[in-house]
Amino acid sequence: MYNHLQTDELIKHALVEDIGTGDITTLSTVREDMRISGRFIAKEEGVICGLAVVKRVFEMVDAAILLTRKCGDGDKMRKGDVIAQVNGPAQGILTGERVALNFLQRLSGIATRTRQAADQISGTKAVIADTRKTTPGLRVLEKYAVKTGGGSNHRFNLADGILIKDNHIRAAGGITKAIERARQNAPHTLKIEVEVENFDQIKEALQCKADIIMLDNMSLADMKKAVEMIGDKALTEASGNMGDKDLREVAETGVDIISIGALTHTVRAMDISLRFE
Amino acid sequence: MYNHLQTDELIKHALVEDIGTGDITTLSTVREDMRISGRFIAKEEGVICGLAVVKRVFEMVDAAILLTRKCGDGDKMRKGDVIAQVNGPAQGILTGERVALNFLQRLSGIATRTRQAADQISGTKAVIADTRKTTPGLRVLEKYAVKTGGGSNHRFNLADGILIKDNHIRAAGGITKAIERARQNAPHTLKIEVEVENFDQIKEALQCKADIIMLDNMSLADMKKAVEMIGDKALTEASGNMGDKDLREVAETGVDIISIGALTHTVRAMDISLRFE
Amino acid sequence: MYNHLQTDELIKHALVEDIGTGDITTLSTVREDMRISGRFIAKEEGVICGLAVVKRVFEMVDAAILLTRKCGDGDKMRKGDVIAQVNGPAQGILTGERVALNFLQRLSGIATRTRQAADQISGTKAVIADTRKTTPGLRVLEKYAVKTGGGSNHRFNLADGILIKDNHIRAAGGITKAIERARQNAPHTLKIEVEVENFDQIKEALQCKADIIMLDNMSLADMKKAVEMIGDKALTEASGNMGDKDLREVAETGVDIISIGALTHTVRAMDISLRFE
Amino acid sequence: MYNHLQTDELIKHALVEDIGTGDITTLSTVREDMRISGRFIAKEEGVICGLAVVKRVFEMVDAAILLTRKCGDGDKMRKGDVIAQVNGPAQGILTGERVALNFLQRLSGIATRTRQAADQISGTKAVIADTRKTTPGLRVLEKYAVKTGGGSNHRFNLADGILIKDNHIRAAGGITKAIERARQNAPHTLKIEVEVENFDQIKEALQCKADIIMLDNMSLADMKKAVEMIGDKALTEASGNMGDKDLREVAETGVDIISIGALTHTVRAMDISLRFE
Amino acid sequence: MYNHLQTDELIKHALVEDIGTGDITTLSTVREDMRISGRFIAKEEGVICGLAVVKRVFEMVDAAILLTRKCGDGDKMRKGDVIAQVNGPAQGILTGERVALNFLQRLSGIATRTRQAADQISGTKAVIADTRKTTPGLRVLEKYAVKTGGGSNHRFNLADGILIKDNHIRAAGGITKAIERARQNAPHTLKIEVEVENFDQIKEALQCKADIIMLDNMSLADMKKAVEMIGDKALTEASGNMGDKDLREVAETGVDIISIGALTHTVRAMDISLRFE
Amino acid sequence: MYNHLQTDELIKHALVEDIGTGDITTLSTVREDMRISGRFIAKEEGVICGLAVVKRVFEMVDAAILLTRKCGDGDKMRKGDVIAQVNGPAQGILTGERVALNFLQRLSGIATRTRQAADQISGTKAVIADTRKTTPGLRVLEKYAVKTGGGSNHRFNLADGILIKDNHIRAAGGITKAIERARQNAPHTLKIEVEVENFDQIKEALQCKADIIMLDNMSLADMKKAVEMIGDKALTEASGNMGDKDLREVAETGVDIISIGALTHTVRAMDISLRFE
């Protein structure tokens, strides 16, 4: 679970972005003392994510607005289900509505897609993981949505994981040198992951005791062979346009992790509306 | 065109978010004096958007990195086309790569989808417009992408347009009262738009001289009838799940504006890669 | 009414600016547990504006300070009237006093002057409007003060209104071209205002269906003629050193709006003091 | 002279405040490659202040804009004089114009009024000083304008000067106790100033070796007597609605400092325009 | 006492710095509803400082955490003494622990060392003062710790005290010119301090009526002679590696102030632990 | 190597903290056009660290100041050696001097102490590592100083390493459960470290395949036994008041890592001065 210290600035910024110098329509047409009550309704099936953000959005607009949750993050709702209820001053609720929905729909969209992916590989030992292909500024929330949907988090940034890619390998002059340098220079608390494209590279990575081997854009057959070759000497991660693959087939090759950029870079907002009574 | 004053903080924040306390992999495996050269390649057809952001991303990481554009924002590229070239210190380029791509792929995805929508209605008098259903924090850039794709911008925030929706109408006690209050209280520089659901409401809106009438979730037949009733007394805007409609049919009802939330809330990142030589 | 999201940073910044590394006089001479009570008194007649800011100033210094309003924003007070009462820890009240007064006196000064202007034209159809000639950083508050004084708000910034001035006209190659470009490129939610200096320009602006015509620095006779020529085809706005004009005469030409830069660029602070009991 | 570290945020904020999501008029009517040249002209006599701010405003909008000064801060210009020239991209210059003028007119207004006050007392030993009655957020610039106009700066904030007022005296239980506490607790680098209202208080202040004695709201006769009583044992400061007094008469009482809140709280913007060629 | 307006950003920043994208260990191993209770224990003798910061650290992490003080800032605790107790949600307490201790140990270390210095000179008229050799970003807190330990604060920054050093003297062309310029240009609320290295300089400084004379790197004998020469015509300050001197001997020369950079630039954290029950 | 994106805000903040509303002494005594040249001199032996920060400090004060390095970070200098030279406008150099020295002395102090520790264990396989006991706000720089001194970096924050301490173990209900939960919930890119106090805990940690075992406050004899028991099944880290231990003896027990909080929590600033010519 993320901490409000990490998201308050973002939420405040989103409100300022949307309100600008004032919600001129609401301020001119709605009386200041009017109160209103509304319900967030799922307009299609999906996994809800972001209720704490919705609560914070309204609190920031007006501390007198009350949000009552009717479900929790991670719950799957069906079309027509009530997600939460909001009560309080009409001006504030109407002013905060769009920002609340923009967060809720996006995060629920990510959680829903992640759940679908996780369901496809259920029963295998593999887990679905995210990537750094997130929307600028929203990473902590989007990774929380992946977790809420039943996925696993890959590294959050370039500092909390070592992932040696082809360019690093070339720059270092080979896998062995790259791993040696990383082991020498990086904090000892981080595992070392190496991206490989063929079996020779896998052998070299194993000799250097890489902790995780990323199988990049391999065919299912090669992937299977790679997994066997690696055994329990390292974790294996399948990567490369996984958003377009049959995830069950990938999982059945025996890989430990399937990382999917599309979980966050190609998001379909879940359809949710706020209906007033 | 947006101004760097509006986006520099966002770009800087995205870099800090991705780099964290340091790109540990690059710093340990790549020598500080190594130079590198790479090309941004379109891996599918699409409309490019965000080159100025990409340039700024690299400049912020290391002022010595040079970006050379091979096309302009708004150009349609085919699979395999070179979008831009980047040269300079290897450490900085590898560190900035992901953030640059995250912006470029997302904005190009929006521009591409907008272009498709605009192409569908070409020859009609209608224009495609965006909404406030944008990603929190990215509105200025996403609306720029819509414009780049050939769309038109709806209001940027709650302060630069008056849009009286059903809740405002109910709160004010009817369309007439709502419009009167808005005309009295809001800056005279803003047009007044009203959301209507039926023909009685249209009549009332016309009597009050609304400038724009939003036809919300109407059937094509009703929409056509509404457009005729309104004539040139107000602009007409078609709205409500337009992302799932046949846009040509909507445009042929004669509406002036078709606003589509999905342009920004349901984005498919354009597939672009950075290949090193 | 502005929202605290828009003003909290400003108020906090003003406090930090005034307190610096600490109110050394108060901290050394006043005991931490001492409580005090004071009253904000009008030392001359004027329209009060800014009570919510005063409240927030003290809350930020010390949440234990209580402000009790004795009037509302927009009320006209006479010399000697009590505006508000403040109770609580002496250190905090003395530390916040100057910032509270700086805001209250300035905003009340603007509201007072606006009220005087509005009174001068009462009974005519014209309204008094502000401009963008505001103090850097205080625009939202200063425009709120104009509204509190009975004035109307012109656009808040360059994004929420189109105002084509002589330089835009020259750059575009004439009024017609300028209006066409604006209509094509700007959000359809904004009206188009054009600044004109003679009757030919008015004719051209009317042909292009400009929504608002700004009559810049015209004689009263010309202004009257212009208003007749325009009729109800556009709104008319009188502009140009209106701060030095006889506003009643201007209003009687029949213009809709009189915009006055001096409302905010040449402010006389209302004389208000905080007296302790 | 202030440092850009202290004003860059303020200038940037003023630009963002004025530009909002974009200068829609300029962007739609003026071509991106058009260049323009304009001159800042004094439309009345006054002392110029703020040229470095004007330069920075344009630089921030577009680094390609060039400002050439035709005078320096502190120079007195007559009606029609050219203050500075600006050349460069038309879009940027038109977008930055209003913010540049808002700063320049306000700061020059303060410098002009200060110069008038300083001229009135020339030949006496007194100096004109400012107060903390400045516009929230602009203190460093406004105090710079006072200095530019020939005035002297009083303390910048509550931390760089000890000024014991009547409430501090009452809270401490008398002038003697207040001064003792201040001497014990405050940094030894600060002088101790005490506000007095009568001759008994002056005697007490002198006994405690106050460094500066503020004569608050005294008649000219009393002020003269007080100055004689104090001699060179302390500096004397005349205070209390000095903006409405005959400053020469005040200065001739022999006081060292005359502090005037109105220098900054009641500002008449100097009339300056930017004319394009 | 500092104000939370001055320290909240710093505390928040310290938390964000330490928590990064989340306390992954605590979040995975500790249940969200678990509550915990712990005590801050002195593991060596020392003067406590920073309890308000500790309180704020935990409040920011989770408003449900309660801190109960068992002593006050400035109290000397012995090994084993309980400083404060903390109760509340286990996740929040474990997440905030390190930041709370980092502040508390550092500030208590400074207070402890200052107390030792103050004790060494007790009975003399001298006071111990700090310098600007503080940790970047922590000045307000570190100077508060010096005060808590019984020391006195020298100027907080370059704006709230005039200290003319050898380079200023050389640049101005002598002590006399430097003092004259400072008297003319600086706010009259500030005393003028001059750094001297020999007796000729002292004479010159006295002739110019310097308020404070800093005796830089003088032998004890010279310092004594200087103090006698100066008498009560100015305050005297001993400076230059005072951290390594016998402070009693220095104080007995009769100087008024002994300023010690090492109080803040060479800090030994007080050993304090947080023990859970 | 840290990136300027991570330190620019800190450096700017340090300058604003020290300059306040202006370096009143320098501005009044030094002419604006005067140029000066100075040299940073080591006044004792030590390892230099922070030259890039010093450069940035001066650049921010005045872009015209030039810093020429005479050594590199990590170089050991002897008393009297020249570290760097600074040339440019006198006002800017004198204004930036203190902040530059505060950073340089502190970081060099850390690098020097780390080098001493590293030298003590040279020839063994152990490395010296830092902790999270850093100064709030300075972590990235302080960890860079440890690295510069020849040490190794432990985790930078709570997100880039899993370290299960006694409280986590108790909260989870034992080492096994804690490790299982961490493995399930945390990113797979992070190693799992467990703090143990006895041999039973070591056995349990090994059974759960902990990656790193922290030996907390063990006697040398126990530590040696623990190292033998663990073999190459996990990395071993010695911890607990290592700042007061004979590091060679600790290293000779065979541990891989010795982590020392005192490297950053108890810093002795290296004595460095800036001398002008």
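Order of writing sets the labels: A, B, C, D, E and F. Residues in every chain begin at 1.
The working rule: a residue touches a chain if its C-beta (ideal position, glycine included) is under 8 Å from a C-beta of that chain, and two chains touch if they have at least 3 such contacts.
The shown structure was predicted, so the numbers you read here are calculated from the model rather than taken from an experiment.
Asker: Any chains in contact with both chain A and chain D?
Answerer: The shared contacts of chain A and chain D, listed by label, come to B, C, E, F.
Asker: Report the chain whose mean Cα position is at the greatest distance from that of chain B.
Answerer: E
Asker: Calculate how many whole Å lie between the centre of chain E and the centre of chain F, each centre taken as the average of the chain's C-alpha atoms.
Answerer: 22
Asker: Where the CA atoms of chain C average out and where those of chain F average out, how many Å apart are those spots?
Answerer: 52
Asker: Quick one: report the Å distance separating chain B from chain F, using the average Cα coordinate of each chain.
Answerer: Result: the chain centres lie 45 Å from each other.
Asker: Distance-wise, how many Å sit between the C-alpha centres of chain A and chain F, to the nearest whole number?
Answerer: Here chain A and chain F have centroids separated by 33 Å.
Asker: Which chain D residues sit where two or more other chains touch them?
Answerer: Residues 19-22, 27, 95, 139, 156-157, 159-160, 162-163, 186-187, 190 of chain D touch two or more partner chains.
Asker: What residues on chain D touch chain C, complex-wise?
Answerer: 10-11, 13-14, 17-31, 34, 36, 90, 94-95, 98-99, 101-103, 105-106, 109, 132-139, 156-160, 162-165, 167-172, 177-178, 181-182, 184-187, 190, 262, 265-269, 276
Asker: Quick one: which bits of chain D touch chain B in the complex? Just the residue numbers, please.
Answerer: 12, 15-16, 19-22, 27, 32, 60-61, 95
Asker: Applying the document's contact rule, which stretches of chain A touch chain F when the two form their complex?
Answerer: 129, 152-156, 159-163, 186-191, 193, 211-212, 235, 256-257
Asker: Looking at the complex, which residues from chain C come into contact with chain A?
Answerer: Within the complex, chain C contacts chain A at residues 1-3, 5-6, 139-140, 143, 156-157, 160.
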